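Single-structure report; data block below.
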């Protein structure tokens, strides 16, 4: 797991604002899983649940929470070990700079503008009028449609498809197989079969967005489908036409958002969440995995369950449901008992 | 949003069978979102919910429902504005005819029959025995397997995969990344691990079908998986082996249909609907988004919720569930009260 | 449906350990659906539900359960007809051997090791340091990243993406559009927007695994995401980072497994099952389609429904829920009746 260059623990401690328990001169060259780490590796201890594994580990040092004691090797004690892990991983695995230029096997249309510092992968197709910004990369076998704009440092993985006219900002990452700008699902049912509403809008992906593998984002019927700055989508997510997603949202895998929804800033959606069309999700709302939503969700609310209720209520209902078969029997018995009391009263 | 050619309002009124409130000679050149439309654009007003935006719009004219008054610019008053929108969008954005012929970078097998009016995109692969009909298009980086037949005017987006032996009719549209004809999921559990049942059937896609991005349709074990004429599938839909989908169905994104299901004509499935294997959905049935179905659904029924119930009942149950924690407490109290009455009776 | 070579029924009976009712010399050349089979075809009768179709069939012979009588043509009576079907399909449709070698249009990096018996499809891209084993196949338009290892007889369909450093064992099958080794979804929410945790681990796919079309498997943050030997994943499945899937599991389409889950051996997951992160599913557990799981599931348990309960209980609750609106009314009535009895008691 090491990537060559080494860092002394003392220097890492300063970078991470961590307290180092010993051996500031000791050099580590990478991060490794606890059960595989050797004396040159950092081990990562998220919390107590990793303590046994950490004690058995041969790691040369640990990133660990500040309150965790009893490890055999030096510890970089951190307030937020996960954030520290992110920092050291970025340190040991710096972004590999792509070779600027076009692979000779790529098909780049005459009318495309490709920045000389950009990189076009093997067998990629770039259509006329596309514009590829500084240090942007189009992966092998990727497709960039007519008039598409990619901002600086934006990276498309292999097999990504960007349909014509869509715009991606700076530092956007798109993973393999994602499709941006396909037609929205707009049909009018009718006797002769569904009538297609032409989809002539675009998709706008703002800066610093990340889009997972095989995710699909539909172009708007008119106007724009928008993914706000800093938002991250996992794999196999679907975003319908004319959806407006706010900034810094996180959506886990297989989330589906129907047409014309508005998702506020900082919303978090668990895996497989489904949202019906024209629904508005307020900022900072959090929907647990598997929740399906057909009505607006207020800002800041945590929701869960079928047709999204406040999460606490959803959980109480779920627990209560477990008693429902018994409850039915209890109520039947109660009816009989009350009937007997009533009969007795009538006899008096 | 304009596409060049302009149309006078009077002519549009005749085409749309709409009532025009003023200025039949005024020319518009496109359709634009209300907040971006200028004096050359049509604005689209779906109903009252768009009224404020329409009043603030600089659009030169509006498509609007017949009963909507009080707009500053001429109105094309329509019985069905959404249908009118579809018509004008098709008018202002006519299908761009592809250039006939094979991109020189495409790999077309010697034994493939490609109609001279068909278009084969850059870096597409066409295997032997495939047959590409008049004016059909294979998108860039597409794959058309051995013996596949594409009907006239059928359009495959970039990165589409059609496995060997499948047949697509006329005017079929397949969006990027869709996979048609992959193996059905047929395994027999056993001690030595799951045993694969070879999948040797085909997929038949009838005329006028549309298939969304990254959707997958499995070939049959034996015989055919069928998608009926005029049916439209959204993105990331899964259709299992030997499924027979009827005509004019609409399936929203992330629907999953297990093997050997039969879906009747004109069925509508909301997003993320899941249907267990061998289930039959009667014609014109409508399943709300997120519904999971393990039993047959009768023709015409609207269903919703976990294990699909009639939608009205599903909604009443959902409301009742909200009272369930209170109900448990009420029944416990009732038990105590009845026990007291019984005790009193025993004392008498 | 026939593939040329014919087999006499007597020989098939010996291979299938089936009892043949007549005509051991009769030769059949394929298997066909009951309604299309001709006198040279075998028809497949899974059970009683196929009996009418079998009686109307022109098939020359049948594979059928041992207790099924009354068919007009000879019957290969089998204890497990589905297993017999798998055997004869494999017999009539033997694996087509690919032509060894590299398609001249493929882009194979100098530093890649490709076994001379392996087959590299048209327009595939193989990066440096990749190793392609004996008789392995990379499909047309496939992408094999730097340092990837493919074992012997492993087959990648068209458009498959394997990111750098991942390892696939022997006899693995990956269907079109699947993406293996994309980044895990690791972000730390924070004021400046989500902070990405670099994903530097790998995906290990063990021998005899099958992976469906457009399925995505994330690489580990550190260490490995593992798919155990003999496991089969259907289409559009998502496997998160650091997940460890056991051996011989079956996962139907659109299953989603969040990061760091452990799935035991022989687990079966129905379509659209969703599992929250860090959950452990015990071996031989079975989750019905559509189940969402947020807690550990013990070994051998059959579970169903929202937040996974034992399947029997889930079904009883579902039935009870149907009576819930009535129950609410009954309890309201009971409260009034008890109040009356109490009032009467107070009057005494």
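Think of it as A, B and C in the order they're written, each chain with its own count starting at 1.
Heads up, the rule we're going with is that a contact is a pair of C-beta atoms (placed from the backbone, for glycine too) under 8 Å apart; a residue touches a chain by one contact, two chains touch by 3 or more.
All figures in this text were calculated on a predicted structure; none of them were measured in a lab.
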item	value
Type of subunit A:subunit C copy interface by residue overlap (half), same or different	different
Rotation angle superposing subunit A onto its copy subunit B by C-alpha atoms, nearest 5 degrees	120
Computed distance of Cα centres, subunit C from subunit A, in Å	25
Per-residue multi-chain contacts in subunit C, two or more chains	123, 141, 159, 177, 214, 236, 254, 272, 306, 321, 324, 327, 331, 334, 338, 341
Residue ranges of subunit C in contact with subunit A within the complex	107, 123, 125, 141, 143, 145, 159, 161, 163, 177, 179, 182-183, 185-190, 193-198, 200, 214, 216, 218, 221-223, 236, 238, 240, 254, 256, 258, 272, 274, 276, 292, 294, 306-307, 309, 313, 316-317, 320-321, 323-324, 327, 330-331, 334, 337-338, 341, 344
Subunit A-facing residues of subunit B, complex	1, 31-33, 36, 44, 80, 82-83, 85-86, 89-90, 92-93, 103, 105, 121-123, 140-141, 157-159, 175-177, 208, 210, 212-214, 229-230, 232, 234-236, 247-248, 250, 252-254, 266, 268, 270-272, 288-290, 305-306, 318, 321-322, 324-325, 327-328, 331, 334-335, 338, 341-342, 345
